[in-house]
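Heads up, the next two complexes both have chain A, just with different partners, chain B and then chain C.
Let's turn to the complex of A and B:
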């Protein structure tokens, strides 16, 4: 009897463990590439989302928006699938290959985790067109791959300037989700923009987790703790580039009381965040993944697809600053010249802090 | 014991089959309730994998096999090493960091990588063992804690030793192993270029050693004895503390090998894209495989098959791949219950048989007496 009990305890622990770590899983790719060239009718688009998938109110959702637009305007059909936490490299390869095998010959991989798998699967299926978001490394390079990146530093520069213009304490903060080269681009732009406007400004930077721990993108409690600290130290505006952890940053701004603000990221979060905190969102640095996704699908559809790197910057509408709520309308005249100078190239925004 | 008993064999087989049936039944029920196409899901799940996919499946099973054997070593002694997950990640990181330095030429570097991985895994498990032996800390608690600590330690060290990354990439990782230290394996199945991990050979060796040490050596006997009844083991002169320490170290050393097939045959470095969570699957597979070297191999293949089919499932049928996790979860719970049910059933059959035999013996002397 005791034996049965201990076994049950182990089994339960295990089930919890599995649930907690989101399962391991793995698998591999079908090596035999049946890259069927073109479907006669509508373009068939295969979407491979990053962890979180459609419905994450952030990065993936922005990509999904681009796909939805392509569906309604270009009449493409689509199949969507998403990644699991901590999955094997071969699982990502298999996901892409399965999409190809099912006849989806225009593939969009969302997130840099797909870099190596896109590189391999693209090589095995030369007739299929691929796009990868947020990676421009040699891993994903190929004759049939468009590597899409965004000039996050340019949008961040503008919200940094906005924060510096709006602060009353001459003290602002930055909360990064995970310390990666990508998130450092956000920080670098933010610091540069703020210092351009107010050279004497004090800026706190905090990263929630270090690689390989990526929980910093999905842990509101960590986000709140970090932002609480910055508000208590005297900052009155905190910008987050922390995905799902941003909700905690908004709650911290709310808890800090009047005249404390947060700046959103990726989407216009004054429209997408929890309604109770929307009024505290000064502005958002919008990263229009949807533009990249839609442009790629359109280019395949009309035959203008070009492989290689493509950066969506301020001038292409790839990044921008949200004005929902009207909180930064009064400083518009000061932000617009900065925007013009970035677009014209007379301001070069750094990509590392 | 040595002679083959068909009933014993059938009873042993009954439990996993029963568990699998229960899992299929429960999953089908959930699919019906959620209004998903039951037939489509099963036809997709049972679809024969292509050679390339089958190769990946075998590769995944190799990795899981190490993990499950590591867990099983503890289980045999009633030690729950929940920390295989942390042990293999620390070990794989250390092995990758040392291996990337290419201190030794080619094959020797592979040996060094193997030794570093085993030593690091054993060391990490040794912390839990030491706490248990000297302070009586439950290994369940300490190993779970050490899993979290492993995440932090590896993250911190990785940031320190991370190699220069290629421009435009967001991954960070240790320095890539030199080409001469890669073990790419060999093509096993026709119809694919994909190779089976070279370390599948090591998996077979470890499986054999596991069976041999547990069943055919004094140490294995002591280990099983301690697992069955600690007080009886003490009475027969077994040093339980030493057994705890050595079995935990062994378990950790095997756990250290979990990441090696990936390191030497797939990733060639330890980075952010290194597979996580393998230790937890190992626990499940050890339970399904009944801590038996062959049973675990079958369990690992089954687990890997389910994992594999899960990736294609949402693409082929529009049903979320979480359903496969439900199959796996139910299977593990069902297997524990099924083994207990089958054990009791076997006991009852045995009792009835003994009663019958005794009754027959009782009758016989009477009959003889009557004839005399």
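Let's turn to the complex of A and C:
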């Protein structure tokens, strides 16, 4: 009984402790941004990254690429800051507000974790233009907010079709990091694409963790266990939408031996993953966050900014399929018609499995 | 120093002898379990429930939990509650990756242990030196460790090929061992899907092939912990500090020193758990990769009644159920529901008819029949439900075994020298 009580106390202090940690370190990292630009009347862009920040070789780096392009082509100046693991809502609000306070009038928030803070800070600063990546909920809605999402299901549809065309065992797999509506879009597209090509195909789906436990995006050990299970059950291609846990999926493909493949996600992982597994990456579902970021900054710069929802789809180059390694060149003639049908709208890809 | 330990007016005893189960019953229940598992596999068609792959995955899942739990055991047997295991483990993941990249995989293990020791030294200084509440100190460590690690990782891994602020470059692998010449015959036998023989082959293949050297070290550490703590004078003194430090002091034991030993051993083991996670299970450091395994290790220790064998069993149970749901939740967990249903009905009947415990018996029967219905009415288990399996199974075992858990008597109490006077 006493232990139960202690545990409760621990849980409470832990939550409080983490919250405190998040907001404390915020002042440090918030101020550590870099200020570059051409001075004068240049547009001042504030970037608030998700956990990991610049250099994560994935989601945030893609956003940084968009900012870098805006810096060199549009001559904007920028300040960057990043989120901490497990930080409190107030820490994110404070980060956005401090960007606004230091004179940055165009703010990009990377990741759905910022939804509520963007909604709140945007309301308090009606003259500042905001963009949020990966959220289209009412939380972040506002007259000065562009809500940028991507049609992950469309890119996933194409890699699903590629997997179904390439499988020799008629059995493929999917590993999702955390079971959220966002990751379900990946799964839904993948299932639909694979079944379109081969209706009889067997597809295993596994999610590593359930909300509110988001460790599934950073646990390669679980990723490997899940993918091992799918390979050993007979699958020969596994697609992951599991962030950092994906490294485990690649290792599982390597351990499974010849003729076993993995499909990467977000960036072209045949270029960014551990060199010893790059040759096993059949293709990657690329999500060009950079396109969204650049487009938003450009629209503010030339005065064409429009608040509201904006989805970057296959037709805008917001999502796509990587061809590094040339493993899917032989099925290009079968994938291209599908791509065109998605773009023309004659194939409607579902967003829930 | 033989029959128990009589200190002052209190008698501190080993676990009561009368509760020890004779070896022949253990063997018989092992065989019965195998037959049951084999029958289950054939009835449900879930061939993965005792395959070599799942056993091997269960071992990999169990090792970090077991090592963390073993760390908790050392500390709590010396009377210091160590909720900071998670933090020490996080430090261990970074230490292992950093030292591993600099000096090779073996030094990586050492780096993990040293990083864990640093965390433990802080905990020891706070709790034993300054008399800070054990929980407060441990929680503080769990808050400091992720922050410190995240800072260190971004300082050390950014700019390396394949590294970044939240991940290390891929790490070099430690050696793996297999008993020679058995892998192929066992795999063949397993594929035949014969009753009992294939099951034994699968389990043996999982336990005897492709074992990481750290897994072997972990198993040896469980045995070594038992031997040191329960069979040597050093262990007796250390445990006496957890049971009655005042009495130990009157017999001339340097209680502070023994508590420090316990906490440091705890940090080393938790650091090794982190090293295993980064080097063996994942092949890289990744921010947040411990995912609460330190807390689960602590739970495994309590589950195991503060004994090495018990906590090893708890870790394996947890590792197995987690592997089962990650590998193929649909059919594995579905099959395990049938097993749970049958076991619950049997236990319920036994409680009712033999032990005349109406309440426990009826509850077990009702839950068992409910599980049976669930098995019959569904073909698959949804992934939301499957994710809870490891926790549900642990709860069920705890509830039904109704074992009397006994923590060390002075566990978590702040001790000051001379306070008994």
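The criterion applied here is as follows: the second predicted complex is superposed on the first by the 313 of 353 C-alpha atoms of A that agree within 3 Å, B and C clash if a C-alpha of one lies under 4 Å from a C-alpha of the other, contacts with A are read in each partner's own complex, and residues count from 1 in each chain.
As a convention for this text, a contact is a pair of C-beta atoms (placed from the backbone, for glycine too) under 8 Å apart; a residue touches a chain by one contact, two chains touch by 3 or more.
Being a predicted model, the structure only gives us computed values, none of them experimental.
Touch criterion met: A:180 reaches chain B, while chain C stays clear of it. Looking at the shared chain after the overlay, A:324 reaches neither chain B nor chain C. Which of chain B and chain C touches more residues of chain A: that partner is B.
Residue contacts after overlaying the shared chain place A:209 against chain B and chain C alike.
Of the two partner chains placed by superposition, only chain C is touched by A:276; chain B is not.
In the superposition on chain A, no contact is made by A:169 with either chain B or chain C. Once both structures are placed on chain A, chain A residues 3, 6, 10, 13-14, 17-18, 21, 25, 84-86, 179, 209-210, 213 are touched by chain B and, in the other complex, by chain C.
The touching residues of chain A, when paired with chain B in their complex, are 3-4, 6-8, 10-11, 13-15, 17-19, 21-32, 46, 79, 81-82, 84-91, 94-95, 98-99, 102, 112-113, 115-116, 134-139, 147, 149, 179-182, 209-214, 309. Those residues of chain A that touch chain C in the shared complex are 3, 6, 9-10, 13-14, 17-18, 20-21, 25, 51-57, 84-86, 179, 204-210, 213, 215, 218-222, 224-226, 228-230, 232-233, 244, 247-248, 251, 273-276.
Those residues of chain C whose C-beta lies close enough to touch chain A in the complex are 48, 51, 53-54, 57, 60-61, 64, 81, 83, 135-136, 138-140, 142-143, 146-147, 150, 154, 158, 161-162, 164-167, 169-170, 277, 281-284, 286-289, 291-292, 302, 322-323, 326-330, 383-384, 387, 407, 412.
Note for the complex: chain B touches chain A at residues 50-53, 55-57, 59-60, 63, 78, 80, 82, 85, 140, 151-152, 154-156, 158-159, 165-172, 191-194, 262, 266-267, 271-278, 280-281, 283-284, 287, 304, 307-312, 314-316, 321, 325, 328-329, 332-333, 336, 339-340.
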